[in-house]
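Notes for the one structure printed next.
Chain nomenclature is as follows: A, B, C and D, assigned in order of appearance, with residue numbering initiated at 1 for each chain independently.
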Amino acid sequence: MLKVGIIGASGYTGAELARILATHPKVKLTVATSRQYAGQKLSDVFPSLYKRVDLVCENLAVEELASRADFFFTAVPHKTAMGIVPQLLAAGKKVVDLSADYRIRDQKVYEKWYQSHSSPELLKEAVYGLPELYREEIKGARLVANPGCYPTSVILALNPILRAGLIEAGTIVIDSKSGASGAGRSASVANLYCELADSFRAYKVGGKHRHIPEIEQELSLAAGGPVRVTFTPHLLPISRGILSTIYATLTPEGAKADLFALYNKTYKKEPFVRILEPGKQPATQNVRGSNCCDIGFERDRRTGRLVLTSVIDNIGKGASGQAVQNMNLMQGFAEKAGLAGTAFFP
Amino acid sequence: MLKVGIIGASGYTGAELARILATHPKVKLTVATSRQYAGQKLSDVFPSLYKRVDLVCENLAVEELASRADFFFTAVPHKTAMGIVPQLLAAGKKVVDLSADYRIRDQKVYEKWYQSHSSPELLKEAVYGLPELYREEIKGARLVANPGCYPTSVILALNPILRAGLIEAGTIVIDSKSGASGAGRSASVANLYCELADSFRAYKVGGKHRHIPEIEQELSLAAGGPVRVTFTPHLLPISRGILSTIYATLTPEGAKADLFALYNKTYKKEPFVRILEPGKQPATQNVRGSNCCDIGFERDRRTGRLVLTSVIDNIGKGASGQAVQNMNLMQGFAEKAGLAGTAFFP
Amino acid sequence: MLKVGIIGASGYTGAELARILATHPKVKLTVATSRQYAGQKLSDVFPSLYKRVDLVCENLAVEELASRADFFFTAVPHKTAMGIVPQLLAAGKKVVDLSADYRIRDQKVYEKWYQSHSSPELLKEAVYGLPELYREEIKGARLVANPGCYPTSVILALNPILRAGLIEAGTIVIDSKSGASGAGRSASVANLYCELADSFRAYKVGGKHRHIPEIEQELSLAAGGPVRVTFTPHLLPISRGILSTIYATLTPEGAKADLFALYNKTYKKEPFVRILEPGKQPATQNVRGSNCCDIGFERDRRTGRLVLTSVIDNIGKGASGQAVQNMNLMQGFAEKAGLAGTAFFP
Amino acid sequence: MLKVGIIGASGYTGAELARILATHPKVKLTVATSRQYAGQKLSDVFPSLYKRVDLVCENLAVEELASRADFFFTAVPHKTAMGIVPQLLAAGKKVVDLSADYRIRDQKVYEKWYQSHSSPELLKEAVYGLPELYREEIKGARLVANPGCYPTSVILALNPILRAGLIEAGTIVIDSKSGASGAGRSASVANLYCELADSFRAYKVGGKHRHIPEIEQELSLAAGGPVRVTFTPHLLPISRGILSTIYATLTPEGAKADLFALYNKTYKKEPFVRILEPGKQPATQNVRGSNCCDIGFERDRRTGRLVLTSVIDNIGKGASGQAVQNMNLMQGFAEKAGLAGTAFFP
């Protein structure tokens, strides 16, 4: 059994990692850290884990951590992650980092959207952890930068059509909606039940969300040239789930292409990407608690636009599920190990 | 007191009409019809009205109805409405029709999206009941076609900027999200609690929703030329509320314009349109139960697009509230009569 | 117009007071205090009030407050209230206190459940603000102690049958369920959307909730002797609403009595208490946003128990609505002024 | 691999069975029936199963069914079940029946609460499928009557203390709250999203719910004498989950007993019953999607009552999860096979 540690176990992605790892056939969760809850049982922080995960949250220095596990998930905020990851690597550990710190390949871009980077040398080594695009690189990586939730839903939907050159890249508009777990588990008035329930709003409107450079980086690689997008995130009154509705103008060739065939072929062997049959639309409910990404699409023949819809569970395929998928690849485990569960409905 | 009737009182818009009229200072609700619930008290259908509205649902021929009230709200499905409205007008009554039957000015367009029209002569007479655009015409109307919910949210947001010619009309993308009351009160599996709660999906993707011709009719009038839009509706797990996120490329002039000033000036005297201060974003929660439309906007300077966000209560300003506002204008009542209530929060 | 102030305007009960007062025909809201949001517009704290309530939150000493209004609602936590109320009274103001500080008549009981009382002399003067029980006393009061939310739902349901002596007082079990607004608007992990949505739990189980002495005080007065109850509060994933399910063994006389007649007679003239017809059950949805209390009941003939069910909006009749009703009585306004609105549905 | 069939696969319990069986290591789902959806893929009925369960719904006679699988779950309404189960048994199949048809041992009681029974001879053979009480009998059974959802939550909570004789059996009051999936997946106005969301109500108040005889049957066996309870079900605005709050007066001995020790000892080896530590309370969220039952308790020393709180997922341990647990026992599989998953949170 691989000994695994979660650094930053008391957030929602930490809870989901613990849930998945609790029944993973190849790993043993041996250490969980949390500054805030140090000394408390993890199952006191998350009572769903009672009698399922028997660990006490600890607040450990990286050196101590290194002796406790061989593989780490860093589920801490950006900036905090880059203070930990280099030491873990230096100690010979493998890491899936769920923060944004190693997702952006270009240090300047990272520093423009975030802050200065303290281990830029690792940006080249880190592999962007979207298995559908970088499976082979992930298999050989020491450090995988687990993608952001919005980018996962967007890149999986746009990559095939951008590669095929069937849309005009300058016309992409992305309207994304996320469940509240994406906002994290910190005490705040803005995320109280009464502030979100029975409501809906946009936020960071006008090109301000930090997932934009990550989205554009990967879309540009797919398109073979710079791509800029308008991206608007919204906050849904649900706990788990992202739906991205993506608009782009089809090229004349794209207007005639068999898009279902294109997508089906691209993702045929993927265990976690499901291309919906023409006429069907995805719903967040159908991927909740799973590692699936469901993609639907329609042409708007009146306006010549393609409308892609893509759903994931933001803390599943959008965070912890994908992180475990990456670990499976890095360790040579079966890719679906621990992730075979079907979405629960209702 | 004006004697008022609701035809089709057992749906959600009927319930909201009854709620508003119950405390309206100038009217008395004298008749409510429902085929399905004929013979039952309206307060048995909607227990919130118990001891507040004392009427029994009836199933009456139009001739009988005409003797019972002087003003009618027809809250029945399209096609049904056009079987009732001409007779009510012939009997000398005034009507606000909440169906789609008299919203589309061009018979051909109506018949393309709906079905054949049995009283096309009234299409010319009917006034599109958006007071912010057609206040004077409404005041003199016998028949007001109450706008659709999505169109209300979209037209109020886009009209000022289209009139000013500051966006490229061919670039408009509308991503709308509606609460479940918009789906009506018929028994169906698709709208069960368990099918919608904790979920989110798009529907009628690809230019199929019947509100499109209505939106395009009014946007084209504002732009002074034909406008086509891509419009995608989504279903939110909330009861009341619509948020439309609207994208369009700014003209060079638009990129420099003071949009806040433009919108503020346009809607300065409007009692129900609230232009949010720069940097603020609307939420459905802030208009729930009210007749308000809140509009926010941001420029995405990276891509040159404008992003408008507009919220209404879909059965308030999007249906019954607006219907009462229209009645107030048609009858010479204070425009805010019965509609002064502030949104309830939380 | 009566000049009215809200002390502690930034909580949910403050928001609801502002909402109700915004359309109250006899009052003008002239001052709103908040330590946390001092200097911010109240409509920035609660955007639903934008262009409806034009006040800036202030942090004022009581002396300053006294010059700004003639009637005050103290919507601050217990203990804080008793530091303000005596000064307001001394300045000749009338006060409805929404805290628990003046609800308990017996200083010892208060001090056992809360903490030491700094103005015990006012306990005798303060009137318990349940108009259905103490209407005449409220009319003449300077200081009204607005009842707790749970107690309101419980006392209105049990008072008639206890007065009639038809249940065995020692057998009362109260199982209450409250919406999340009852937990207040402070930043906390426990009340985040993700912690409450799609979940349900009990809290303060086993006779620990501070509303118990208040409930027992009033039930004992009704019964003419000491009454002890088992009371269990629960947290519902809704914003507004309390439902109390109340169990008690009927006396032999009670088993034969016409309870519907008893309740109907008791509350016949009450504007805000609605006794449901036999066979009907109340729902929180039917009182949401209103000042109503709906009461249903059934006998369990197999076990000889009465089952009462009582619903209110916890920040309506359970807090701010009732506070305005009390103000109306204290000022000689129409009792329904500002409170005529019917519950919104859906 | 055991070939398994689901009869009545298109309801919520059918969906949950399919979800669990999809990853069960010892079985293969070979047939799924549905009258309403015959001819449609099960994954069209439940898109969460897309590319996970590859079956078409069929409408088959029992004889045909018998050739398709060796083990059956009957997830059809009561009365329908008794028309199918005897034939399946006659064909040599084993059956877990999720309906009420074989839960009540006394034919007269069954017929009083339901309707006449067409295979009363099987009532004696059928084993009540609560493994914590009847594990050995289940192992040898051909026909297991899967318990009702409410009874599961109640019986697991009350059985240890009734057996120990520490409460007065005549004082039991059960206040239960269930999520909406318990109401099934039929089209109905009462269960529409807008009718349940942001609301709460009781139903079948006063000793009318059909789970009462089932509860009383098992409690009476535990107590060693007839037990009658007052039971009130309520409808929660959540999809999954039941919380039962149970009140009973402690005997003098019970008042002194170490209840935590008693419960802990009783359920020590149970894989799915979790006794919470003193001071902790269960939440439906912590068992959602799992097969767990969490039990908490407090004494109300002021009134001498015990307050038990018990949560399950109503379609997990309350239906389909428990059905699979029973199958595991009947087939000699590991009891946790397919059921090891931890509740998802949030």
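The rule is simple: a contact is a pair of C-beta atoms (placed from the backbone, for glycine too) under 8 Å apart; a residue touches a chain by one contact, two chains touch by 3 or more.
Fair warning: this is a prediction, and the values are worked out from it, not measured in the lab.
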When you check each chain against chain A and chain C, which touch both of them?
B, D
Please state whether the interface between chain C and chain D is built from the same residues or different ones, using more than half shared residue numbers as the mark of same.
same
How big is the gap, in whole Å, between where the Cα atoms of chain C centre and where those of chain D centre?
38
I'd like the Å distance between the centres of chain B and chain D, where a centre is the mean of that chain's Cα atoms.
45
As a quick test, compute the distance in whole Å between the mean CA positions of chain B and chain C.
36
List, in ascending order, every residue of chain A touching at least 2 other chains.
12, 180-181, 194-195, 197-198, 237-240, 282-283, 285, 288, 346
Of chain D, residues touching chain A in the complex:
12, 15-16, 19, 22-23, 46-53, 180-181, 197-198, 239-240, 274, 276, 280, 282-283, 285-290, 294, 340-346
Give every residue of chain A touching chain C within the complex, in rising order.
12, 180-181, 185-189, 191-198, 237-239
As the complex stands, chain B meets chain A at residues 173, 175, 177, 194-195, 197-203, 205-207, 228-230, 232, 234, 236-241, 243, 245, 247, 281-285, 288, 296, 298-303, 305, 307, 309, 311, 346
